[in-house]
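One structure is given here, and the rest of the page talks about it.
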């Protein structure tokens, strides 16, 4: 029995005032954290190592965690840090180590502030892990053939020469995009390529993406809307990416609001997490990118229909992988250049368009600067 | 502002911008290009054979009117040798179908095609007006959609025609893809993207020759050819579009005009990756249970989604979720939740009416049983002799076959 | 002919047509002849944006404005034709109306 009267006692421990209500449970801060933690740890089981980990000689896995310092990736880091500490206490070793990659936000968008303070705070709070911070244009270092790929992709209008710095080169490429949709689409591709390049550079076997089910649902719908349906099998699903690095999404069972609530009951994260910029209501729909439209759709519909939105990424997760469906891969995004094997030409959408550049996939061709002939 | 000249002929004033490639075309060139592309779809997919008898599912609306006009044109231009006729469904909604059926009747004269109208009343013993009287306005779209699905096949059977073409366009296919991603129904996503659906048991084949045509171009084709079509929103679903996948599609089109075909492309690729699906998504879907469950929504809207559907899905999922969290306690991790399992549907015949179905009793019969059980004794409808509870579809069908022969 | 109230510009007579189901919002009337002021209070000429407001304020009988206008523009899914040409070819909502113009609004949202 609780010692004193409580307005709403935690349904789990009955010992503290409930702080958060989720999935019809009212829980106190620590129990809430444990509840969410369980959903993530369950997804990390494959990295748990053998039962006799202490005596086992299995090598320690190296996993890359891209940290945006937003709510989702910060919570994931917090959870995994705790899980590793528990493992260390129990077996005196850990089954994996985390490599933390922060891509400097001010190099992604000029209207984002630098993350100096939060980066230092995070490093202080989680001293056991290796942190590194790189600018987005370091993609040319970690993906050596990127300059050539970009030249080929944009074509003659992309003027490039050796006098350009990496920063200028990337800016020229990104400026060539003709719409908000294409720009956001290509940015996602670049970010993924950088993370993969960095993972290979640091010998990480997997990348742990911190997407919530909300974010994954938006990615599924946006990917479908951008003609990238075939790539969803690895873009939102646990499994092998086209570059030989595994992709995992341990937060896939948690919604964005749940992750935000976690931050609210977790004082250690209060100085680390950079709040999301609010989804602006005053941008006209036609000026949004498809990614933003879908995130807005999933977020607003998710308030009314959280279950439907949570189900979207689970549905995409059921699709068979495209490996074995053969054919060359897009040199930019890694998707299949041709139709998924079994999807005959001539009577598919691709038959509706003239043959395009054989190095790039349908989705990338839609985002290519010269596709708008206005 | 000097008029923009046509990308094709370079002489006439451009009046349209094509969504798929932004080409600016004049009226003549647009009409020609539109028709040629439908022709290419038909020949590449080998939709028809010479001498084939085709029923065009005709509602009097833009899609089916354009389909009838284009098929007539192409049949003559390329000597398909098809025998075309119009098949219309009368849901029995007073004041709604009257005008559209008048349009279909005019179309029959304009295109010189025979017309058959089949009513819900004669098929099922219930008009939609009567259904609404019984179940109210909420949820009546389900009845309409399920009844409509079978009605076309049954109408075709009466005409002894084995191939029904419908006016489903690229926007409809794109909406099906999005809707089924939201709904979590991959088999249906797969079926919805294929140009031909035929079931192993039923001998009625269905196809959608306008699968790659943007709705925008269909409307413009109708406009520039001055086609006679009728449009109205069903009086029973005035708010049908709010928050629906349709709205999302239209917003997407505004952002990136090509996106409708981009979604269809995604859908075709994903269809191949649906577990248990070995059939190419683009070509022909012989998946079982194609018969009675495709049109979930309003028949008159070509099975378009309505806002209400999301609420129903949420309820279903919430129920599953509660069940799951009951059996999975917080502290008891459960293994093996990650398996890629998917329900496969098997084909069978409805025990009551013999129609192909994924269930023991097909959806139409299930709905009819519910309706008939609750039919107020005082409101016995004209021409309905069956007693309460026994007026199954099989009996209705016997009745029709007798009266029609 | 000059009218000092609107800066001396002659009124602009145009025809407006609603089809594809949109006519329901406008008293089931497909064709409308209207006359717009030749110059607006702020000195500009009436364009499609102005016309949209004008139609909602003066011609629309249905209360559900959002079925026609969204985000201060034509609702996605409604096509606009300026003298039979897609309005995208003419500058969309910024197109300035000329005497004798025929403006068609076609809904693609209604049943087919």
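Letters A, B and C mark the chains as written, and numbering starts fresh at 1 in each.
Quick note on the criterion: a residue touches a chain if its C-beta (ideal position, glycine included) is under 8 Å from a C-beta of that chain, and two chains touch if they have at least 3 such contacts.
Per UniProt, the chains are A = Cytoplasmic tRNA 2-thiolation protein 2; B = Cytoplasmic tRNA 2-thiolation protein 1; C = Ubiquitin-related modifier 1.
What you are looking at is a predicted structure, and each value in this text was computed from that prediction instead of being measured.
Taking the mean of each chain's C-alpha atoms, the chain whose centre lies closest to the overall C-alpha mean is B.
Annotation: B-C is the more contact-rich of the chain pairs A-C and B-C, by number of C-beta pairs in contact. Remark: subunit A and subunit B have CA centroids separated by 37 Å (rounded to whole angstrom).
Our note on geometry: subunit A versus subunit C (Ubiquitin-related modifier 1), Cα centroid distance of 45 Å, whole angstroms. Centre to centre, using the average C-alpha position, subunit B and subunit C (Ubiquitin-related modifier 1) are separated by 33 Å.
Counting only residues that touch two or more partner chains, subunit B has 251, 254. Among the residues of subunit A, those in touch with two or more other chains are 285.
Listed for subunit C (Ubiquitin-related modifier 1) are residues 76, each touching two or more other chains. Residues 20-23, 37, 40-41, 44-45, 177-178, 181-186, 195, 212, 243, 248, 251-252, 254-256, 258-259, 261-275, 278, 280-283, 310-311, 313-314, 317-318, 320-322, 325, 330-331, 333-335, 337-338, 340-342 of subunit B touch subunit A in their complex. Listing the residues of subunit B that touch subunit C (Ubiquitin-related modifier 1) in their complex gives 1, 3-4, 13-17, 24, 27, 59, 61-65, 167, 169, 171, 215-216, 218-220, 223-224, 229, 231-234, 241, 246-247, 250-251, 253-254, 298, 300-302. Subunit C (Ubiquitin-related modifier 1) contributes residues 70-71, 73, 76 to its touches with subunit A in the complex. Looking at the complex, you find that subunit A touches subunit C (Ubiquitin-related modifier 1) at residues 284-285.
Listing the residues of subunit A that touch subunit B in their complex gives 12, 23-24, 34-35, 38, 41-42, 45, 179-181, 220-221, 223-230, 232-233, 238, 285-286, 288-290, 293, 297, 301, 304-308, 310-312, 314-322, 325, 336, 339-344, 346-353, 362-363, 366, 371-374.
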